[in-house]
Amino acid sequence: MDEQKISPAEAQALADAAAQAMWQRDTNAHARGMELVAVSPGEATVRMRVAPDMVNGHHICHGGMLFTLADTAFAYACNSYNLNTVASACHIDFLAPAREGELLEARAVERSASGRTGVYDVTVSVVDGGTVALFRGKSYRIRGEVTASFTDAA
Amino acid sequence: MDEQKISPAEAQALADAAAQAMWQRDTNAHARGMELVAVSPGEATVRMRVAPDMVNGHHICHGGMLFTLADTAFAYACNSYNLNTVASACHIDFLAPAREGELLEARAVERSASGRTGVYDVTVSVVDGGTVALFRGKSYRIRGEVTASFTDAA
Amino acid sequence: MDEQKISPAEAQALADAAAQAMWQRDTNAHARGMELVAVSPGEATVRMRVAPDMVNGHHICHGGMLFTLADTAFAYACNSYNLNTVASACHIDFLAPAREGELLEARAVERSASGRTGVYDVTVSVVDGGTVALFRGKSYRIRGEVTASFTDAA
Amino acid sequence: MDEQKISPAEAQALADAAAQAMWQRDTNAHARGMELVAVSPGEATVRMRVAPDMVNGHHICHGGMLFTLADTAFAYACNSYNLNTVASACHIDFLAPAREGELLEARAVERSASGRTGVYDVTVSVVDGGTVALFRGKSYRIRGEVTASFTDAA
């Protein structure tokens, strides 16, 4: 994206700074017990354990919670250039159920980035298990920098 | 769908029974403070207030929470024939932000139902305000009845 | 969209002018034998008969041709304000097969329009028959007017 | 998928036989001048040159034609196990325009296959150029074998 003129180390430092700024204010991620495993330019990995309040009567994780995990990984990936970016549309295919107590991992990778828009693919899997959902998100870059905007808001 | 041979009153009674069976076990909906406003054959309306633990640093509701609300209305609509039905894929377009404290309403309507699959459209709006998201879900009918399966599980 | 300050009659005249400008250059629509049935602000209806060169070995219309018809109705609807607008993403659910010789109609309606983006729903049906596909398209407005740009290109 | 008990060579032979049976009846692919570049279990690559009758007034390839190319690669990939399989839903993100005369390549790969459903990703690029569209298709397996059904139909 806009990282052409900076070194890989600088790009990684920017991704770390953006993620840190987002994470300290990410009330929703904390409330769902998420863990930010890794962030790098255009990529992010987030984990979440299926909690008792995320399931239905069959102890199957609600699709909305799988989506929330995937969407969170997507958000960290598409904001990793430290340019404020939001989701404009997302699509999710549910492949298999996730059960209460299972540890899930969502891994987001950039498939395309040009101009203000990007496309990211997120795979949600049970750790040491199978894939439960495939997510594709379209991002749209808005005004401002991630770190700046969070500093301003503080 | 399969309600052809039953009267409208019977179809509504079936929708009510299925919704009641789902609702009493819908841990996720309760944990998010949702309210089931209405259910009828092929349709459902659900409300949720944007809670402090659903927002990011800018007090904007997380997209995953909008999705969860829409997906819940979708689930009640597609299970309203009392035949166990799950989401196979969902698409969401985010149109405008929802803010902390706002009361949201998701209204699901059936667009198509043939064989085991159905397509449902869900509109998520701020009550007395604008539309914040458009959701389309594809459903797939599995084995069993909603009321029976929840009785068995009890 | 941007038609607030103009009368309904003016908005319709604009939609007609934009459609006419698009249609006279729409090589693809002509090559597929499409007919532009109606255009109004935010809406369009297009018909196409399933030709022998649009089917597979089972005489079923190729999904890409159903998509092309839906996408064409979408294009006329989202350009009906005479502001150049392109498709950024589309989703299609295939519900039933269309057969060789059948006359199809795609009807596009605006579901949302704010800023530069819009969401349009297109229903593809057999005329006097059932629905064969549901399409949802996201539009993005670019620079220029439809009539002006086609004049310039001439 | 169902190729577990057969050798890689047998799986490839099955993919070749299925592709050949499909190709000889694929009127739509021939009418668009497509070339089937490669097929293997779960994968397929198809090329198409943007013809004068596929463009609009700006000499830009119609989105429906990009979709048709992607959908064709998807069809060959998901039928490569010689089990009749149809598209149930598809999503496409348009990234950049393709122009008249350009040679396009669509490459489909399987992302998931379980039970009767599969998810395939298709990347559409200009040969020796950039990516123009990302497509994701959901497949559904119906009754019968590809080769058998085409033999029967002959």
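To keep things simple, chains are lettered A, B, C and D as they appear, and every chain counts its residues starting from 1.
The rule we apply is simple: a contact is a pair of C-beta atoms (placed from the backbone, for glycine too) under 8 Å apart; a residue touches a chain by one contact, two chains touch by 3 or more.
From a predicted model like this one, the values you see are computed outputs, not experimental measurements.
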At the place where copies chain B and chain C touch, is the share of residue numbers found on both sides over half (same) or under half (different)? same
Name the chain whose C-alpha centroid is most distant from the C-alpha centroid of chain B. D
Quick one: which of A-B, B-C or B-D reuses the A-D interface, over half of the residue-numbered contact pairs in common? B-C
Distance between chain C and chain D based on Cα centroids, please, to the nearest Å. 24
Indicate the whole-number Å distance between the mean C-alpha point of chain A and the mean C-alpha point of chain C. 34
Per the C-alpha means, the centres of chain B and chain C lie apart by a whole-Å value of 30
What residues in chain D touch two or more of the other chains? 88-89, 91, 93, 138
Chain C - residues contacting chain D, complex: 22, 24-28, 30-31, 52-58, 62-65, 67-72, 86-94, 149-150, 153
Taking the touch rule as given, give the residues of chain B at its contact with chain D in the complex, in rising order. 88-89, 91, 117, 138
Which residues, counting only chain D, touch chain A once they are in their complex? 91, 93, 95-96, 111-112, 114, 119, 121, 131, 134, 136, 138
